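Shared between the two complexes below is chain A, which pairs with chain B and chain C, respectively.
Up next is the complex of A and B:
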């Protein structure tokens, strides 16, 4: 036993030493592990969190503020009718396996994503493409069936990153991209390691290597940050710990915005929620501030429609659904529901839903609406609520950027069927004039807020806890990515 | 002995078959579609269909059951729905953490329990006995995940002797690997050691009341000599039973501890696989654990026969 104790002690002492020297590596904690490493064939945000911008790049890419910037395409020309995009690729870009990027890879990527047997989780992004062809090595031409003002934006998604036919077979286990980092190794259940790509076409990454460590338990995440086992934890899962990190000079806390509109979704096809007056009553019964305080420890930005408040086209429509229980009761009475009613409230696992759900239930009870709460795992939620549409109310965060278009799909789980809105959405998809687009977006936001399709709660915030000396991390999350290309340690 | 062994082996096979049926068809009933989980809320119906076809989920359940069982007999556990790698490789990788962790914890537990149990039994009613009983009472009562968090707080966050979790990997060296398993093993071993100590003590005390011990004492052996020479072997049956149960528990039941220390073990694999509806992984791991439990029970049965020769002749 003594020998054991001694070795433990020696081990412990060697472990304490390396603190002061200049660092060029980074361990990032993430709550969820990617199921596999192909961003173009799964919805899991965890894949993009590790690989987007770091390992894989698209024709265009998201900037820290959500803007769409040139990526592998240096520039592009758009035909006058808005249907033909000619992308000029950067010269001298190579994949991590040494093969050169050419227009053929673009053709391969886009054709694969829109093929009949495609497994792309966002196939709709590519639905408008009529044909893709390589004009020469570095020029690719994409022809759309009709003009699409959102096309360049679509091409910036993680689901649209450029992959090569040479490495597609093994992409799920060893991804080969063009990014500033290349994939080094994956210990399943534990970590993924990336290393700097010395042959990167752009400005080289400043970190030599980056390790993503997967820590699902919020308490363990706290311990790992406190013990400095991880030096950055984006999407930190326990907001209640943030004040403690803020008070500790070893750490910095960044709170940014996401594209996640968190809503109390209502089944628009299920009585009595099919009555707009009842939905309006539900919306007025909700106190957003209490939910953000109670479920998110104050993080988040209240929203009055399904649109990100940091977007330039956002309009504040919260006056349409102010917290007003008196009005809510009155509306219920007018709808012939003076006695209130009972419905289901089905909650997926994230804490905004589970904690928020309890508060929502209490607020609804206050106006006479009883809810039966059921907690569901994601797989069950997808099956019962999303696919089966067997629900009255549910709470979920829609994390896809610019997804107001889902309201134009009458079969979508909340089943909002409004020809007016569908016409607006159709007009938007073919409109390329920025000013007119903006106007349409305002009309769309207003339409769904006035119809009280859902009760709009808040824009999900993303807290990142990091070592105080770390620079270049993104505070906001315009897409679910951890872009490390500009991250470095302050000397 | 041979006949005894053969009969046990036969019941082992039947148990495994029944277990495989129960596991497979119970999971079939659970709602949730692995393809829908993978592709999320924006997936088009034809994309889902394409993925389901690739995963083989469009085939009838009994056929898939036969494939699964047939493959497993040849050591092929199938391909994971989400990770898309052979399940056998994934399990092998996770066993490199789970098996050493279970053995480490079991070793600690036995190393503590044997001396403590014997000591307490030898000095029944003394301060030592009372002390051991008190400490073990506490050890049984404390939830191991709470104890684990406490250790993380003290040894990882304050003293910085260990990292708060994670597994260094055996390629980093045996020492580094063992070090990262130390806190989890201690957390797992504490309640097990407490239980084992108490069982050891009471089993010894029971045998100490037997006639043959009185005879041995009458021949002039001290209490300690009689205990070590005669009582210990006879007290082994309940102790072996507990050790067998504990090993199975440690192998299968470390899920919470693996989560607290974010270790890439079997428990976490099952946990992730259940939420992703990666049924083939869940089925195979559960089957493996059932197999392990049955084999351990078989080994314990064999060990009974070894410590107690009377069992060998029994029909």
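Up next is the complex of A and C:
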């Protein structure tokens, strides 16, 4: 009897399968869970990873290649002196709570972000704004203190997405934006669910719903992808598994570039690393190739300065810090450290840091520098290293786009204080001539490479493992985002 | 029967202790040098147990890892025995008194927590590292030895030779040290062996979650953790450290059981 029933059941199942509709839902695996859901008041990239472009949109937005495209602003006029931007908003845009988008929301968003008590993690993006006013319902005028060639780029960041005063109170738990998906639910520690916004102003999303599932452990991530519990995993955490996925016809592996300059950061205020000669010695002791191969299984592009190699203004400065342990020892001796020294090496969880750290430690030991390795969780790392500046060396990837400006902030965690560089950065922020801008950018890159502020390792590559039938995922990661608006299942 | 276990256990224990001692003077390859080009090689002539994801020789890593495991477990058991036994003897000597109560309830308090949980707590508070792992494992060994010592001492206190010593005017502490302790030696050796194996397991567990010895010091637990995501490509990376833990713990347990049978006069009489 039982056998008969089973056969009948199996028969029914095989019969049903071909009739099933094309898939219209998607489960995306992510390693990090957002602490809350307000991209305009936290530094956590995990928030943008879920919400950018899906739920929240800005005046402008990043395309898959990092270009800046119109977002909620359909077009804009720039005054001749480059100080006044007049944004023309799209007609008929509504927030997910039904309220209409108007210029007042733009004024609210920008004023909130640049306020004295603003919690925005990237206040520098808004620092140049002198005033914001609504000319009419769909026109907003932003006046800058000085011309800023990067202003439209700034407005595309996840930190600059447009929020509404009506829904701001509860944004951290139930975000209300204008995007093609609206927020449905959040089971903390497990998943966030989005569903299609039927009233979207633009082309509607092709997926009915999307679930972001948080899997922090690389082994569990591997198992979840293999078992097809998740159908896409951007920033897949274990590069050593990629050949296996590539060999499996069920999966596709996309390897894209990111804005993540992965560096061995040095505490420029802590002796003996305050001595540029010692930092130079550290830089020459490092073999980038071995680190990329050993930690990332070959993924990544070597860099010689804090700048993305796919950017047109990038200059190859790796010759300033070639792998040369002999020179490194010599430099240490010249700096009066012939015996070497001991410092700390504090490592956050990603494998580029943990595995890279072990290799860095071995390479430094080779020239006489001993390191005490401490593995930290992200929260501890932010507390001890980023805010507390209690470290000698650390490895981290700076994933913000065009973030060379951090070197102009002497209070930033690696504490590089160079008036020359600060002057260059100030000049850049007011320069609008593209040619002069790129000249300044080259000078800035060269300056930090010559000062050996940090040891520059490689540009992080982002591997995305996905179901072979999934289309429309971003390969590159010009900003932290998982843009699902164009994602669909091939039938 | 028990002799076979004892001998097998002793051989396994000697093997790993020998490897650890040998690693002080010689290992096949330098475990700090990374040869990325030679990574994840399966066992072969050049590397009998293969290489790991940094191209380090796994045999060398296991030998040095044995040193870490044994050192951590040995010192931890030393702490447990060194503090636990005197506390237990003291409690037995003052049986029923307030001191006895305080000591034994204090022990119950530590005992009430799962041992590994205490270890995780201690390393979380004071930071990860071999020294803190030793302290953590040492602390949860204290009540084990304190209870054992007290229980055994209590029965000894009723024996005639102790009575004789009391009649001779010896103080309680002196009797504990001179008459009770020597009679506990067998028990302590047996328990020490068992605790030693648990210590090795605890060290491996702590290293596995990243709270034990920190890199570059090799540790069996961390070798397992490192090999986790590569298990389908290079199973030998997980197999050999796993076997090392298994065989060492098995060896120590067999030896502990064998020693108990061999040293305990009552059991020996029963066996005949």
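Just so it is clear, the second predicted complex is superposed on the first by the 470 of 491 C-alpha atoms of A that agree within 3 Å, B and C clash if a C-alpha of one lies under 4 Å from a C-alpha of the other, contacts with A are read in each partner's own complex, and residues count from 1 in each chain.
In this text, contacts are C-beta pairs under 8 Å (C-beta built on N, C-alpha and C of every residue); 3 or more make two chains touch, one makes a residue touch a chain.
Computed from a predicted model, the values in this text were never measured in an experiment.
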item: Fit or clash between chain C and chain B when superposed on chain A; value: fit
item: Touching partner for A:293 - first (chain B), second (chain C), both, neither; value: second
item: Partner, of chain C and chain B, that touches more residues belonging to chain A; value: B
item: Which of chain B and chain C A:213 touches, first, second, both or neither; value: first
item: Which superposed partner A:429 touches (first chain B, second chain C, both, neither); value: neither
item: Partner chain(s) touched by A:362 [first = chain B, second = chain C, both, neither]; value: second
item: Partner chain in contact with A:172 - chain B first, chain C second, else both or neither; value: first
item: Touched partner set for A:383, first chain B, second chain C, both or neither; value: first
item: Which superposed partner A:240 touches (first chain B, second chain C, both, neither); value: second
item: Chain B versus chain C as contact partner of A:190, first or second or both or neither; value: first
item: Minimum Cα separation, chain C to chain B, after superposition on A (Å); value: 7
item: Set of chain A residues, in rising order, touched by both chain B and chain C; value: 219
item: Residues on chain C engaged by chain A in the complex (per definition of touch); value: 32-34, 36-37, 39, 53-55, 127-128, 210, 214-216, 228-230, 232-233
item: Parts of chain B lying in touch with chain A, wherever the complex brings them together; value: 31-34, 36-44, 46-47, 50-51, 54, 82-85, 90, 93-94, 149, 152-153, 156-157, 159-167, 169, 175-176, 179, 182, 259-265, 268-269, 272, 274-277
item: For the chain A and chain C complex, residues of the former touching the latter; value: 218-219, 222, 238, 240-241, 243-244, 290, 293-294, 355, 357-359, 361-362, 365, 372-375
item: Residue ranges of chain A touching chain B (in the complex, touch as defined); value: 7-9, 11-12, 15-16, 33, 35-36, 42-44, 116-124, 172-173, 187-191, 213-217, 219-220, 223-224, 226-227, 229, 349, 377-380, 382-384, 386-387, 398, 400, 413
